[in-house]
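Order as written gives the chain letters A, B, C and D; numbering starts at 1 within each chain.
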Amino acid sequence: MPKKTYRQAINEALRQEMERDPRVILMGEDVAGGMGSPGEDDAWGGPLGVTKGLMPRFGRERVLDTPITESAFIGAAVGAAATGLRPVAELMFVDFFGVCFDQIFNQAAKFRYMFGGKAKTPVVIRTMYGAGFRAASQHSQCLYPIFTHIPGLKVALPSNAYEAKGLLIQAIRDDDPVIFFEHKAMYDEEAEVPDEPYVIPFGEANLTREGDDVTVVAMGRMVNFANQVADKLAKEKIGVTVVDIRTTSPLDTETILETASETGRVVVVDESHPRCSMASDIAALVAQECFSDLKAPVKMVTAPHAPVPFSPALEDLYIPSPAKIEAAVREVLAFKG
Amino acid sequence: MQLSREELIHAYRQMRTIRAFEDRVHEEFAAGNIPGFVHLYAGEEASAVGFCMHLTDVDRIASTHRGHGHCIAKGCDVKAMMAEIFGKKDGLCGGKGGSMHIADLEKGMMGANGIVGGGPPLICGAALTAKTLGTGGVAIAFVGDGGSNQGTTLESYNLAKVWNLPAIFVIEDNGYAESTASSWSVAGSQVGRAAGFGMPGYEVDGHDFFAVHEVAREVIDRARKGGGPSLVHVRFTRYYGHFEGDAMTYRGKDEVPRIAAERDCLKLFRQRVVEAALLEPETLDAIDREVVAYIDRVTNEAKAAPMPTEADLLTDVYVSYH
Amino acid sequence: MPKKTYRQAINEALRQEMERDPRVILMGEDVAGGMGSPGEDDAWGGPLGVTKGLMPRFGRERVLDTPITESAFIGAAVGAAATGLRPVAELMFVDFFGVCFDQIFNQAAKFRYMFGGKAKTPVVIRTMYGAGFRAASQHSQCLYPIFTHIPGLKVALPSNAYEAKGLLIQAIRDDDPVIFFEHKAMYDEEAEVPDEPYVIPFGEANLTREGDDVTVVAMGRMVNFANQVADKLAKEKIGVTVVDIRTTSPLDTETILETASETGRVVVVDESHPRCSMASDIAALVAQECFSDLKAPVKMVTAPHAPVPFSPALEDLYIPSPAKIEAAVREVLAFKG
Amino acid sequence: MQLSREELIHAYRQMRTIRAFEDRVHEEFAAGNIPGFVHLYAGEEASAVGFCMHLTDVDRIASTHRGHGHCIAKGCDVKAMMAEIFGKKDGLCGGKGGSMHIADLEKGMMGANGIVGGGPPLICGAALTAKTLGTGGVAIAFVGDGGSNQGTTLESYNLAKVWNLPAIFVIEDNGYAESTASSWSVAGSQVGRAAGFGMPGYEVDGHDFFAVHEVAREVIDRARKGGGPSLVHVRFTRYYGHFEGDAMTYRGKDEVPRIAAERDCLKLFRQRVVEAALLEPETLDAIDREVVAYIDRVTNEAKAAPMPTEADLLTDVYVSYH
């Protein structure tokens, strides 16, 4: 199978869906770039080049640059979705949700319920998240726990290029509003990605590693870290099951609980802050539902309750690292009760 | 341009229906029969009807928390609206929305909105749909004077202009946002702001249906023809409190009675069409009677209708979720 | 001690702090009311009359009405706090945070950390939350889990009039940004409230009931429901400890864990949606830290993963009720393992 | 009004310091020595200095993601700034902020800001503090052309006017927001928007320090005297990419070199003061040399300085937390 980067996989998913369905449009700040400027058109394709090449192919009518007004254009995507288009809007960094969240959580997320089932709002909001880019406090957050908290939203976190393509195609075809979280540190990572379109259904977790001793539940970039740990521990004959939940909402509770019951030892890895997080969400779930099967307390590995620091020296200490995951795994394994 | 007899009758019936609807909701609320936050449109009817008369179902509007008038003018089922306000299962939104969230997307009514400034971005989207699919439709955001300051509204002016959307912003200035006068809260002027964003702007007397209808025709025509967005500043007053329960102590003595006596949109309409011999007083009287009877019937039906049940609590959160 | 309503207690706290410290100012939509209008001044005092009477006492210079521009005026409160005032801003309903959250979570919450400890942002944001008012999906939300997730914010949820006064005075004197959640259904509820100013420190939970059989951890209005259940079960000789956590951030983990260990049976009651909630936050905490002491799985009682419905018939089913709490308590008591 | 010799020297030194700082950061970034997102102010110096020369520590400014120039002009310690950009412990923010979050509240510098449109609301607050405490201070928000569309900015115009705050909005229009031209993204005009909100508005050539300085005096004076907010639209260009790493393919051929040759603020300043015999070329040359040596020294010191350590990771999240 051809190897493609996370960036290419996302670009390809967008291109193929736009080819398939003329109602799919893109919008966002510099998703093409060069509007009104004298030099190159399609000059940017987003700040990290993810949407590059789509405007020349589909035209400015389907790849719309926007002013820096997230409320207006995210809201426009929501309004367009409610009236017949299938927009994919780019919220450049999820950290910017604070200027436009109303259109997402009070409008898009609630239309269907508030309007008694008569509305359909198939909007996708692509957004960058995560630390590791030395981008400091306002450009490095995760924030998916906040979106997960809101009924009416679906939340996807692809953990590699293959996942990115399949989940994004599903997001675009999905009839509900989907927030699609792309980790900015993963755009250059490669995986085998089929050329043809395919979907990965929401709410179906993926076991990226299987082992009998401990279960690590992770999402997004943390899945890779968990895989690294599993591979390392495999050499010591420690069997680690890694559950990539793929979507935090809906959540595949069945797979999580099944694997957790089997191993009886569970670590949850979440790049976000700890309070009211996905880590606590899953830890609470497992602790309640696998009460009698657990051989050790569930262990959470998260970022600390602190903003993301700029200095590389601090940021490296801040991120949940493979080393921290490994330590947590060893700790739950060592627990004797 | 002259309106036909049918159009005049339609306009009057619509405005009268809104008035009767609101008067009745006011009574029912006072009697303790309606729960929640209810904001009434009485006094402002000429705006909703003056604009929506130019629209068909392909055109979309977004409304405010004060949405009953826009809903009726855009063709929402009045009976289902009343049932919704009573929280009943056969309400337009199954009782899940209530007064502040009445919507009917099939009719191009994108919802009353509990968030001040919630509508303008949505309307940019509806206008974009119209433009992208080439439907010839336009989209109108109704916004209060208070809502005219909200960043979401102001950003939408810019986006609509930059994208050259068939969008129209109607600032319904009833003089107050809650108890705060628009003369205080709105720096500069609505028309000046339109100019600042490169849009044509108009100010119109919102008590005068014909004036509204005429401006509406112009801005809607422009939008349909690809001429881009416009802003219309409609001035009038609201007769009831900000929400039901508001004692309106902030208002001037006799402010409402005076305007209701001298500048009421229904009275002015009647005067104009009767003087010009376009409609007969008896025709208008008949409409008044029919409408009141109709509202009485739908209210009684709404009261008698069944409530939603536990089975409805968790439906329609998603189209599908697993 | 004199009886006062939750509304009066809040009003009194504001008045006394404004008397004590001239840097304390109020701002918000119609916190006085009547700006520019011909009739009564101080016409509203907020939509539910909570700040009524403060403008006549302190003048328009210290009680500032605002246009309906939450970003601008919440941001102004933040900027004023960072430059020497101690503003108390009213975000009328917490449901409106989506139009102004950036100024709260990216600005106020992060200044101190991003600026290396050189900033101080003593702003209080008072806001109404909660269901039960037939106010429908956009005026009935809780959302405190979202604020709790954000490092740099403190979050208080007074459960009665006494708590409201003491916690609000603490909030105003606190040097960090505090989000103060007032339950709209509680304004008319009375409690004994001292006339003189007093503070309730943050991060110190309160045991409103003590019993040996089960621990109910709750916050805000849910504390009252939990108390009702405790009182009812006391008649059956079932001992219920009720922990009012008072602040979700900081969280008094010590008291929670101590009482949880003692009873070994825990119910967490949270009025918000279940995902990434305070219920899951506390359930995860207890399950991890009291692993060996738990005699039954922790049980969460929350609203469902759905927007708040308008119809009274549905809203009554939606809210975590005393009956649901009671059922949960009986369930954890019945658990045999 | 004529500037004194000291003032002229100060202005030139400040602008030259910003330029040298940015040129050096550009080099260091290209060499891989600086991480993260870095946005340079080179070409825009006359704005920061032209405004901030009228200010003292009691006056506050809020900046943008492109904040180095504002920081320097407002008196932040240049050495500590450089250390901050290198992520060092003795950086102005202990290495926790970096280029996008440099602040020094004691100097009245309320922070560069990673959020476009983040500053204007904050500045309303700083202006409110000045007004409430009667300090006589003013507050200035610097905003990009892209940021001028953001709802937070537009709302702030209204709030500043309605509250009659000593606030000034400086729209620094460098022609682009990322790769998007301001001629496209800004509907209407900045001055027209000011008028729409009832504020005085000015347009000024941002390459011309003296023009900026003069307008700045007027609007700052007005604000200090209780005359309320104003808006100034400053036009110029940026020499480097949007952020370091941007290839600037969207720009016209020779666009930057032409402007740098013909309209550079430092060159124009030198020309003007030398022609008018206000300062001698040697004086200016000496400043140039001193500044470059100074920047070289602080850069080397920054590079050699220690990183923060684990002990710093969790400090200063709160003033106190328990």
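Observations, loosely collected:
The definition used in the following text is that contacts are C-beta pairs under 8 Å (C-beta built on N, C-alpha and C of every residue); 3 or more make two chains touch, one makes a residue touch a chain.
In this text, all values refer to a predicted model and were calculated from it rather than measured experimentally.
Shared contacts of subunit B and subunit D, meaning chains that touch the two of them, come down to A, C.
Centroid distances built from C-alpha atoms place B farthest away from subunit D.
Averaging Cα coordinates per chain places subunit A and subunit D 35 Å apart.
Each chain gets one centre point, the mean of its Cα atoms, and the points for subunit A and subunit B are 40 Å apart.
Put simply, the C-alpha centre of subunit A and that of subunit C have 30 angstrom between them.
Shared interface positions of subunit B, i.e. residues touching 2 or more other chains, are given as 91, 93, 95-97, 101, 113-115, 149-152, 155, 158, 162, 184-186, 317.
Counting partners per residue, subunit C has 67, 69, 71-72, 95-96, 98-99, 102-103, 106, 113-114, 136-138, 151-152, 304-307, 309-310 as the residues that reach two or more other chains. Under the stated contact rule, the graph of chain-to-chain touches is complete, every pair of chains being in contact. For subunit A in complex with subunit C, the residues that touch the partner chain are 71, 95-106, 109-110, 113-114, 136-138, 145-146, 148-152, 248-249, 251, 272-273, 275-281, 283-285, 287-289, 291-292, 294, 296-300, 304-307, 309-310, 337. Listed in rising order, the residues of subunit C touching subunit D in the complex are 23, 25, 61-62, 64, 66-67, 69, 71-85, 87, 102-103, 106-107, 111-120, 151-152, 154, 174-176, 202-203, 250. Residues of subunit C that touch subunit B in their complex: 29-30, 33-40, 43-44, 47, 65, 67-69, 71-72, 95-96, 98-99, 133-139, 304-307, 309-314, 317-318. Interface of subunit D with subunit A (complex): residues 35-37, 87-89, 91, 93, 95-98, 100-101, 113-117, 146-147, 149-152, 176-186, 243, 248-253, 255, 307-310, 312-314, 317. Within the complex, the subunit B residues that touch subunit D are 149-152, 154-155, 157-158, 161-162, 184-189, 192-199.
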